[in-house]
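Common to both upcoming complexes is chain A, partnered first by chain B, then by chain C.
Coming up: the complex of A and B.
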């Protein structure tokens, strides 16, 4: 296998992905025109508040949305695990897609308790995918599973493997979920809020573990979170989502030093900062995130945006690149021109 | 129980809440879980004390034990010099109106079948206070709710942030001295979290509140607190002035906690001294069988033989900065 080829060709190329879901209130515009590309070894951080569409997007990439729930999907998701050509996942029949889940792409979920089956021993859950996809026999699969548990830092793996999920702490369970996801060496790993349910000291252990495994396996990773701090130092690129759209996309460092979209700025300023003295007044964003059922015309952030102009209420701003920077894009008519708020950011 | 006052308690006239050698044990099967052991602190009028620690450290149990929900196994809770642990029945109910609590999940804290106005008025109705409806309008306006349009609706018609405003309004209705906030913003989105934190600061100023703010998010706690108390496995590790603790954390556990926080500003972190702090290894020991001596010693990078033998007592490392560690990390 030529490595040069896989390096130049992205593992995942998403173009104008749009997903609308059925709900009792009407059509939910969950994901609207999202585009990005991701190569091996790279991490894309996706940041957004609840209801911004980040999890729906992740599930649609994995093909995990219930078919009845999806009213409409458009765009393309070109995926290429090892050999070209890349294939459009949205056009692929479900029978073929299921052969990709596990060996080619895998996902980690927020709550490690509900992601694991409480009535099955870890050994069963860890060996399922290698037996199914790689064709190992029971004995080989067990040896592989013990290796995996060791690799994710679970001590005494050969004893632990016969335990049930409730016998493990939250951090340990998330390690098991990671081990299951990595069992078949996927090219793409989607981690949806992998540390939100965990304590900060455990969060750091898990994020460090993911970074190490990503390096070892040369995986592409999508790290979804509501915490800007989690992606700040761990992602190569960051996409900020609001109301189903990527409102800003930039290399991680650029995003924090030269943010363009008012929502990115507002989100950044509303977070209490560990380096600010206590009782620093927070710059809260007024109002609340919009409903995604029959969204109003115009920019979804306009009602909460301090820079909004009449035009913002009427037209939806298209995604445009920042002058001279191909990988910094935003969707705003009136982007922030100077380094905002935190002038000390590039000292 | 020794009556010797721990050195980190302050000798001041304006102490509203004083917690002395508080312990809470729970019976779980045949085992006894020591959820809180020998915790003492005080909160002065108008002050906010932040109580931080990871899940299972006993911080919520302390908050509830102050309210006598349930009463602590040992220790005393002095509220305006009155020992709440000695009260019961009517006297306790009467006294407890001076302390109010708000919780993590604002939606499940509100009865879904009742109107917002009735929820907020409940305390006033129970105590037969005059002019209840005037008071309800006032506190609703104070937390940013429109009494005319919101009062007759039910909780499900509001977002999480709005429901937390309703909870705050309810807690303020009886004009309490002390507000105990148990993770009040951790279920909220970041953009709404800032609104609620600002609102709590405003309410504190407007109604002269004293607050105990329980949370696991260290940045949130720093933002709102005058003083911070760090807990680990049921014990107090470090207590003192917020800015001092965050600038010069002395307890190895506090240092590990602070080093674990991912900061949203990757550039601001580079000069921080705690960045070289070793990552915390291992798992939280069982509170049913805590380690001897210092409870943190099994995970502490600086632990020595003495830590297993002797329970570390609080000692001052600076003015209003105390730490319970045999080998505190002292930075100039």
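Coming up: the complex of A and C.
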């Protein structure tokens, strides 16, 4: 579902976004110099292990990080829902920013079991954003909510709407969370590991649903996952994050055929493959992701990288574009030159 | 309703045990009620024996207990040998005062504690939060009678806004009734206030970390709506439990305050009965307090389902 690059202004243009958080151990370098742009109808997949800064970045874009937790944020996040000019979200006061959440940008959370308020009926949770932002009355909002439940594939919506979250299965709850996110027709949808907490059989349904809704609503979507396989066929571009940085950014097809960063390769090799003989040992990435408090100098991946050279331990590699390809960038001194040996990129 | 059938045996068992221990405790106290009634000095042993016979004190303890319990079940807690007044009537006539006092105290405490706890939890760790907690601690560490005396000094003696003592029944004049009730209710409320606030603040801080609060924020709801609609109800379990305990214990809690403000409540009745060694009256009141306590807490248990639908549907 690759879309042609449109001439229009991107919905989201992130430049050198840096977010540092307060913690009891010290300053957490959660997001470091992340840049990307995203237009309507496009999907950006963000891939990385837990602790790579994906979720902090998503929450920072949404303005959901607790004020006291953020030590500082730098860079710029230009956002333009419908009309120009684009505005920098980082400079926008929270009072104005609140009015963007819901009608302009929305988010889907990882765990549908905890994302819905256990004591409120679905009708309340589904209608409050349209009542807040669109100003529908109770009756109109209810009709809209039933429509939404139908649109996300919940059967018997007019009965379900009066139920409580615990009366629904995990997959159904995630559909409700999606319906809530779509309630005000946002231009940007951020899905933070939307299928991680779900059964494998339900995962595909939810991802297909998201893809369909994205097409129908012509939204820009950020799909965050730790599973390269999830975004392979669903994202236009993929950003691989490691230790708060985007270490490789490329169109999805390019990434799988001409990956440059050793971390991307390691992630790629850790996807289990259906064609492998059974009992093939799954290739895991050795070591752990680095802690982000007072990061050591050099490339953050160096301790786990099989190609690491002395230079990698001393200098942080800058983000550079691959020759002749503007939208393929990586941050490695010694990028992988040949295509990976394994060819079954279609996962 | 299944909750009811499951808890009812417990409820009855508790009440039975309470009545038994109350009776035993009071009966085993040193000192013969007959001697107390007749006066200590220069009473003939025959007269004492005569009175013991009249009061039934010569019968075995257990027989007396079941006799008393049987009457109590029928609503008759006996007659005070001192005043001849029916214990049941004495309690019932003073009950409205105590209930009004207790309910007003809890309402005042809640009305102040809930918004303060919300502000505190929302700005957790800030200077504002620390100030509120500090004042709360100070209030909590002031004994009830001190609080009562402070309030009398300031609002009755100093400003003259409210009467220092006395009680006007609601039926006589609602405004005068409120004026006479406000200071005693405040004395009780100020202590509970701090407790309620701390409990709710802690639970709110916990709730505010939940994913569903982040989702509510992602909907662009204003903070006050998130706090009141999304955070308050899931955070109020501990608060409700404690309010229930306090409501049940309101009679015993009000003893000192009723005495200071000279209010004709059950607490003061208990206090005076103890001083006069009116054992039958004490026994009756203690049983009544215990029953009220157990029943109110049972009702609170039922109310959990109002707070959390998961409890409701698990039935």
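Just so it is clear, the second predicted complex is superposed on the first by the 331 of 347 C-alpha atoms of A that agree within 3 Å, B and C clash if a C-alpha of one lies under 4 Å from a C-alpha of the other, contacts with A are read in each partner's own complex, and residues count from 1 in each chain.
The rule is simple: contacts are C-beta pairs under 8 Å (C-beta built on N, C-alpha and C of every residue); 3 or more make two chains touch, one makes a residue touch a chain.
Just so it is clear, the structure is predicted and the values come from calculations on it, not from any experiment.
After alignment on the shared chain A, the placement of chain B and chain C results in a side-by-side fit free of clashes.
In the superposed model, A:227 makes contact with chain B only, not with chain C. Once the two complexes are overlaid on the shared chain, A:268 sits against chain B while remaining clear of chain C. Of the two partner chains, chain C is the only one touched by A:111; chain B is not. In the overlay built on the shared chain, the residue A:208 is in contact with chain B alone; chain C does not reach it.
Residue contacts after overlaying the shared chain place A:25 against neither chain B nor chain C.
Taking chain A as the reference, the larger set of touched residues comes from B, when chain B and chain C are compared.
Using the contact criterion defined above for the overlaid structures, shared-chain residue A:277 touches chain B, although it does not reach chain C. Once the two complexes are laid on top of each other via chain A, the angle at chain A between chain B and chain C, using C-alpha centres, comes to 80°, given in steps of 10. Superposition on chain A places chain B within reach of chain C only down to 9 Å, the least C-alpha distance between them.
Residue overlap on chain A between the chain B contacts of one complex and the chain C contacts of the other is empty. Within the complex, the chain A residues that touch chain C are 59, 62, 64, 68, 98-103, 106-107, 109, 111, 114-120, 124, 128-129, 132-133, 164, 166-167, 177, 180-181, 183.
Remark: chain C residues 125, 210-212, 214-222, 225, 229-230, 233-234, 307-310, 313 touch chain A in the complex. In the complex of the two chains, the chain A residues touching chain B come out as 49-50, 169, 171-172, 199-205, 207-208, 226-230, 232-234, 252-253, 256-257, 266-268, 270-286, 288-289, 304, 342, 344-347.
Residue ranges on chain B touching chain A, taken from their complex, read 54-55, 159, 161, 189-195, 197-198, 201, 216-220, 222-226, 242-243, 246, 256-269, 272, 279-280, 283-284.
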